[in-house]
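Multiple structures are listed underneath, in structure tokens.
Shared between the two complexes below is chain A, which has chain B as its partner in the first and chain C in the second.
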Partner chain A sequence: DALLGCHRSYRSRPTHGIGKFKYLLPKEVPKKRKEKVQMKEISAGTEYQYGDINIQMTSYDLCLVEHFAQYVHRLCNRLSIQVTESYAMPTKTNEVLYLEERGSKMQLDAVLTTHQRVVQIRGLSSTFAPILLEVIQSSQPEGVHLLMKQHTEADFKSRLKSRPELEELLAEMS
Partner chain B sequence: SAAAPRPWRLFGAMCLLRLPRISQPLEKEEEEMVALMEQIELEKSLYSDHEMRKLEEEEQLKRKMESSYDEDEAHGKTVIMAQDLEEKWEQKFLRFKAAPRITDADKSNNRTSLNRKLDSNLMLLVKQKIGNQELWLLPQVEWQPGETLRSTAERAMATFLGDHIQAKVLGNAPYGIYKYKFPRAIRTENNVGAKVFFFKAFLQSSDLSQAELKADCLWVTKKELGDYLKSEYLKKVNRFLLD
Partner chain C sequence: CYFSSCSSWLPQRLPLRGSHWQSSLLEFRTSLPVRAQPKKKKKVDVKKEQAQKERMKKKLKKLEKAAPELIPIEDFITPLKYSESNRVRSLPPLSPEESERRVLLLKKWCLFKQKQDEAEKKAIKTLVECQQEALKELRLESEELYQAAIRRDEGLFPFQREGPTHTPPLPGYDPPEGKCTDITKVYTQ
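Our next item is the complex of A and B:
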């Protein structure tokens, strides 16, 4: 019972608010939610460096794609290439309908899920880039599509969800 | 003012790789690892919709055998049972026949065809005349002043395989260099020796029917390179080949 008894100072008592400390800490500015994308640099010359590069891996098999993405990430860590982000795109589900036209028309369904993982890299020197590409290509597992491309704003926007109500209101306003 | 003529002649050579089409067979440890991982994943995973349906139907069948409860439930059921679906899929799978991994060209060891050794990289070797010797080399062509070394290598590829080759050259930087001095008889002040710069390219399409073969060419793997190339040349070439 001694544990349960809580001595909370009531509001009229002089000891009200005795345990407060947050007013002593420095004030934190609340962070803005949306991040600005434009982080790209290409320095031309003998040390030609690529800006942000996306390595996109797509496949139907989830475990394979995840393990391959992990392998690529670790490889870049070992080769001291800066990996800015490593994320997954939402999975797409495809229904395969099968129209058999012998006798009775039957529709056999198959449900395929397509998974995509993206590893974003920065600061790749152009002398090293083809070697990296070759290493990744030679260790590509079966059934995995590989795509290396430069990061654009459209790629960033594709990760965000569109808000139809906001767009409607904006259209009404302007 | 013109720079003093250098004593080295420059060549650009192209190493054209045909990428493997199939994965290589796994080693013993890799196979054991794969089996272990599959078992772990199977035990960790949850039942899918199909398997749940199958289990429910099995239970219902069992209950039907014992007593005739589920007459009402059976009416709402679909005609196709999960077990039938599985059997249908099994039959379809058995009917599917995969393409053979070892092709005809492998059996006959025909080194001029591209269908050989589908699980490893194949490189192009061409017979060229250097000095008064006929040697097997990677296709090379002399560098003309005013063009980049990469375009020299592309020209080398075009002279031996024709113009319509879909190959992707990797980068502007050479992968390796081989330099040799001419024998004393031919050596002059301006012509001490030659330097060959190697570039790499990936063959995109495997259709070479449009290619005009100007000289004998072979497609060889890294291990078979030793049969054709000279030892010094081979050493430098092996430095930049991944396998």
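Our next item is the complex of A and C:
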């Protein structure tokens, strides 16, 4: 007990820090805690600047839309426009059925997957917006549908899983 | 229908009892006291309701504690069938002419892309310069118009545009009848 209670370090002596060993061990990486998916604050923007804008690119072709999203992201980096987020929306699958010429049964034509990528930018100045729009439109590839709109909470919520139990309980409570 | 036949030959002296529950012969809708449970005591009811409410609140708290999850994106998950098989592609060795041709092609492509990129940068630069000059002139003309021009355009967003198509739409094309069904997998937490 007397040994543990001793606080004198004797810094002038060569035996200073004799009991230390933690500096010899490999550095422990702190445990990665699961980060809660929280919505970032949506900025409304001032009179001369737009707030959060979503550039949504939709297409049936995955590679094309992916490459276009990368191009837009790099363009914004180059033009020093702040890119807050760059994510992918969940894919939608559609089954296309067509009616045969001679027959009443629906025939399966194809299974199409729609992919969507979103690049979110902030602080776009009002004078530069039309220029950016022009540049993106001129390099828009075939079959890629471009949509630019302001970011809303509903857009963020559409990325999350639905919780029917919670909704049921809330409905019952109120 | 038994009762109706019964009524036909009975002398019409007594008012008929429609059902055996109908006790008084005077009025229509009086009945015997129903031998149900005696009225539940109010205290037990309230307690039960309170307990139920508390249970629901606890459940709600538990569910609300769990953080909402993002829907997993199927694009980024490689299907298992591509990672299970061990087949390896064996390519034939390239001849020196072929490799030389490829390298030269790559260089040409790099140059083409560089020229394209530079042209784009130059175009953006000229656009910005012209815009700035125009705004400067406008400012000299009238301060009010300049201020109005600087403001952000509310009608700009939302903005939509379809990508350019390879061929124009065929005139007089009659598409076959059909329907499109959405079969996306719904994820619930």
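Methods note: the second predicted complex is superposed on the first by the 122 of 174 C-alpha atoms of A that agree within 3 Å, B and C clash if a C-alpha of one lies under 4 Å from a C-alpha of the other, contacts with A are read in each partner's own complex, and residues count from 1 in each chain.
One rule holds for everything that comes next: a contact is a pair of C-beta atoms (placed from the backbone, for glycine too) under 8 Å apart; a residue touches a chain by one contact, two chains touch by 3 or more.
Values in this document were obtained by computation on a predicted structure and should not be read as measured data.
A.B. asks: Does the superposition put A:N77 against chain B (first), chain C (second), both, or neither?
C.D. replies: neither
A.B. asks: Who does A:M173 touch here: chain B (first), chain C (second), both, or neither?
C.D. replies: second
A.B. asks: Touching A:T15 in the superposition: chain B (first), chain C (second), both, neither?
C.D. replies: After superposing on A, A:T15 lies clear of both chain B and chain C.
A.B. asks: Once the two complexes are aligned on chain A, which partner has more residues of chain A within touching range, chain B or chain C?
C.D. replies: The partner that reaches more residues of chain A in the superposed model: C.
A.B. asks: Quick check for you: in the superposed arrangement, does A:M148 touch first (chain B), second (chain C), both or neither?
C.D. replies: After superposition on chain A, A:M148 lies in contact with chain C alone.
A.B. asks: Quick one: classify A:V96 as touching chain B (first), chain C (second), both or neither.
C.D. replies: second
A.B. asks: If we overlay the two complexes on their shared chain A, which of chain B and chain C does A:C63 touch? Say first, second, both or neither.
C.D. replies: Once the two structures are laid over each other on A, A:C63 reaches chain B alone.
A.B. asks: Identify the partner contact of A:I53: answer first if only chain B is touched, second if only chain C is, both if each is, neither if none is.
C.D. replies: Touch status of A:I53: second partner only.
A.B. asks: What residues on chain A does chain C touch that chain B touches too?
C.D. replies: In the superposed arrangement, which is not itself an observed complex, chain A uses residues 126-127, 129-130, 133-135, 137, 141-142 for both chain B and chain C.
A.B. asks: Report the residues of chain A in contact with chain B in the complex, numbered from low to high.
C.D. replies: Its residues touching chain B are 63, 108, 126-127, 129-130, 133-135, 137-138, 141-142.
A.B. asks: Would you tell me which residues of chain A are touching chain C in their complex?
C.D. replies: Per the touch definition, chain A meets chain C at residues 34, 36-37, 45, 47-50, 53, 59, 62, 79, 88-99, 101, 106, 109, 111, 113, 115, 126-131, 133-135, 137, 139-150, 159-166, 169-170, 172-173.
A.B. asks: Which residues of chain C touch chain A in the complex?
C.D. replies: Contact set of chain C toward chain A: 56-57, 59-60, 63-64, 67-76, 120, 123-124, 127-128, 131, 135, 150-153, 156-166, 176-189.
A.B. asks: With touch defined as at the start, can you tell me which chain B residues reach chain A in the complex?
C.D. replies: Where chain B meets chain A, its residues are 19-20, 22-23, 41, 88, 121, 170-173, 200, 242.
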